[in-house]
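There are two complexes below, and they share chain A, which is joined by chain B in the first and by chain C in the second.
Up next, the complex of A and B:
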């Protein structure tokens, strides 16, 4: 094989090893799903092909060894390797096809919609409860008794959290409640997991339906307490809020 | 069970028999149609008015979807091309370079041949809408009737102007005639703009309606027209039409280049492909900003619609969008880079490293853009991550990251163009070093500032990020363009050309890259058209008129993707047919003129002659053509 091919192959392998084994051991990290690793490797491959085909010379240098290998022009030990590849490649395709179509007891990968659109009656609602320190403290009290067992200290790590898949939301994460309007939280707290719309499938939410225990005013106070405790601000269209 | 086979056979025969019977009935109905209509009118009077009609097998919604998409794509092309055809004509007129005039005329030829088909599809769409959705159309007519009249008038003047513009091209090629012709081009664009924004008001009204209960017909129509998403869509579509037009003209040039049999043809279509790609990129750079503004307005107009699009079930479309835009950016840059390495002999070694750096930045940005907030993961993978958000890379899934990388990709693409522009030139101005240092500093600082604002965006309230940080990022990128473009132009005025550009020597993959770019743009428009339309979910007019038909559901994303692919394919076939017909005469003339003078051994690239175009650096002595 030509030396030109070695660098791209090494690069691809290194990136795979980095994504598969290094990223998970970084602080506050976790293993990447295979779909994401595949995506990044595809981008790497695309980049390599783009770069190596910029000129006729680099294109020939890159694809030449591959063509020579596949057509048997390389000769020597590579000829045997060629037969091996030609025999193994259909088997690989067959194995891949079998793996993707055979019945399995593993649940399918899911593309859960975490933030489905709220029903029309909840959109545009604004918090009617004044944002006073008393109300915020009252909301935090309700949060401590009702929400913290799962959502913990606003970080999604309550003592009951490990019992749920998916885990309770981490409100300190800037990509959760900071992205949402208060009315959205009002809907999710009031109606809970059973109130998720069709598009919220597979409806994997253990959120209780708090309208059975809390008044609307208390729910608004809980929301204020949540934002304050997590150090986040709700999404608004008014900068003064 | 044993009798199932014969039963099916009998049923089949019965069906054939029924079909024959029905065919006869249809013919008979046609003959006695007049009498039937009289009877039907009496019975209809006693029934409620028809709200919907359907079509067997394909379904009314699918048919309207296909026809509307084809009409919109054709309309986008027809309204986008006059803009740059006219600009090319002005450049040709001012510079005295006849090639630009020829190019403008060639663009206009493509426009003229597509114009009638666009109107035809518009007519078909109208008939289908009236037939399938009579109640909705009656409602829209009641509100928009004054603008229907305006639209008809605009079409008349646009058609008359186009006729004059196209057929008068040669007659008005000199002196005051040329000036008048350019004025006609201006009129053509003004009318085209209004032809675009009037129907935009009907479509945007359906998403963000403003309904006056009282007032004159004109007042009601005006209020409905000036709805919250009208101008964002107008601006977004105007830019997108230029992008679509540019890339389609580029693809046309790419195919003509690949099928060219003479060097002269290759010169011309290589250059035309370059101009098409340049126009596409020129429009592509501001397009993400216009799209961002549109989404912001939708979100502000209605939280439910905004979340359906950006966080709900349609949010996966934006991952597909990232992939398509990413391929488009890569394809456009790849074409620029191929231009540097093939049109400017000897420059490959000099630019290989900067190209690699730009490619790496583009790929990193694309990786961030394509990383979804909620990852597709198996149950075991989700458990390992603690949910479908990755604790580390999950931050790439939100707008702060997406805006940052899209701005960086725009910056890189802009610098690709600047690099292409400067290639083969040597600065001679005394202040060149200072200017280059300033440009480098501006670029580096801009990149850093865009990244800082992007990271900071996670730590401020959403409204601050949306109103200030995102707009500042856009402002910074525009500032870079407005600083570096004139500085480069000034530098190049006094620069010495060290290597002349060689046209007609691009490898075949450059032609295929142009075709790929056009397909990406068409796919993008079908994708985002579906997103915009589906964001109304089960409403014909959001919050005002509910869809109560059997199709009042959003199709699954896979199904929608299949229809988008079908629409893209149909549009490409349609455009290929139109262009083939439009250029048939020219090809025949060229073939007759070239008889006996065809260069020996000349084979079109797409017919196996690609090796000739992808060999070692050409001998430029005979083939140089400065631009």
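Up next, the complex of A and C:
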């Protein structure tokens, strides 16, 4: 008995192994949360049950071995396995119940939006400062004195970075300034962390409000210096359309 | 002719393995204290509110947080003495005590340390609760200690330049300097009557906490190396005073086991009747 069950079990195990170990190593992928893997396995199981019970004959073939196993009619080594399963199931239920009712030591989850939408007046602004070597150098100088303590050598690893959470942005990372327009950086530098909307958790950001200390022209120059120093190019309207 | 197969053992080994894999996928790894929060355990007996070196502190879980020079607003500083701070907490259901421990090469009268908390449910910026453009922020409650004063000061702020001591003073603090290490213990009742000014601790619930440290060593100019906004700081982390033991999850688990066993018995009996 049990031959009819081998295929579904193997299929489920293979899907689990794929989700757990293969998906994370795929390009542009990431490890799946355990809860999502569990959900996929449940969907897989439901699909298998539906497929195997489409007809009366297939239903009997599928459930027959399970019923015989549960009632102890299978005999042999399966009797021991039956007791094992019958003992494990209540323990598993008890374990899950404890886990879902016991208080957690984990702090509240923080769902911070890393690049929240800027206010309307900052959308689509173009850099009015000519992109000359002199202006870029000037911007890099401002960056060195004002920004590098936290953002370091454009890598987010400045000497003042360690105590801050969230950490300062790494401009060399392709998911930061390379995917943003210059107008977005202008907003973030000018208004600082306290200018963020609620989803950006402004109460945790250490980014200064540079509009109090730098002119708009200097901020645009800093932006040019940042992109040049990080070896990145700003996202443009043409590319975003 | 029907195919006869000898009952094998391989498939049920696979089934058990599958159950194990599903459980492994579902079960979250145990949370480790990666210094995102300070946990104040509930203790019986006297709380060491005036003794930073009391033996009971060794029983408290220690968390360590990195410190940064304050570069958020002028006057800034680029290099600070304290690179990190170790934090422990204890409470007895009435009072809470929080111990800071950090390195400092010399004991100086201007050496100082502070804790910062949000007040109420409104979020506040970690830099003295300065106003935020798109979010209505709340005030912060600051517990301040300076070596030469030898006491704790209960303060409040809502933005730069608004820091001032509260009219009521219910924070105590004491520091001990030994072998290049400051140990400073702050204490206060978990609850106070000043809900608009003081942070209130509800055992079992997380609160936000931040730290500040000043090295008061005098420089050649005669001024302290770190003073005012020139200090070592952290941004917000978490603090929680443990709730009293709750055994109800064990009771629910036992109940769930009993129900699952009952379900199994009914299922097997019905299946046997059906067959």
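Following the convention adopted for this analysis, the second predicted complex is superposed on the first by the 145 of 241 C-alpha atoms of A that agree within 3 Å, B and C clash if a C-alpha of one lies under 4 Å from a C-alpha of the other, contacts with A are read in each partner's own complex, and residues count from 1 in each chain.
As a convention for this text, a contact is a pair of C-beta atoms (placed from the backbone, for glycine too) under 8 Å apart; a residue touches a chain by one contact, two chains touch by 3 or more.
Predicted model, so just to flag it, every value in this text is computed and none were measured.
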Touching partner for A:236 - first (chain B), second (chain C), both, neither: first
Partner chain(s) touched by A:91 [first = chain B, second = chain C, both, neither]: second
Chain B versus chain C as contact partner of A:105, first or second or both or neither: second
Touched partner set for A:35, first chain B, second chain C, both or neither: both
Which superposed partner A:178 touches (first chain B, second chain C, both, neither): first
Touched partner set for A:61, first chain B, second chain C, both or neither: neither
Which of chain B and chain C A:165 touches, first, second, both or neither: both
Which superposed partner A:11 touches (first chain B, second chain C, both, neither): neither
Contacts of A:150 with chain B and chain C, given as first, second, both or neither: second
Overlap of the chain B and chain C footprints on chain A, listed as residue numbers: 34-35, 106-108, 119, 165
Chain A-facing residues of chain B, complex: 300, 302-305, 307-308, 311-313, 315-316, 330, 334, 337-338, 341-342, 348, 352, 355-356, 359-360, 363, 366-367, 370-371, 373-395, 397-398, 458-459, 461-464, 467, 507, 509, 537, 543, 554, 614-616
Chain C contact footprint on chain A (complex, rising order): 1-3, 5-6, 9-10, 12-13, 16, 20, 34-35, 37-38, 41, 67-71, 73-78, 81, 84-86, 88-99, 101-108, 119, 149-150, 159-165, 191, 193-198, 202-204, 206-208, 213
Chain B contact footprint on chain A (complex, rising order): 23, 26, 28-36, 39-40, 43-44, 46-47, 50-51, 53-59, 106-120, 123-124, 165-167, 173-175, 178-179, 181, 183-184, 199, 233-239
Chain A partner contacts - residues on chain C that touch it in the complex: 5, 7-9, 11-12, 14-19, 21-23, 25-28, 31, 33, 36-37, 39, 65-69, 71-74, 76, 78-79, 83, 123-127, 130-135, 137, 204, 206, 232-238, 240, 243, 246, 248-250, 252-261, 264, 267-268, 271-272, 274-275
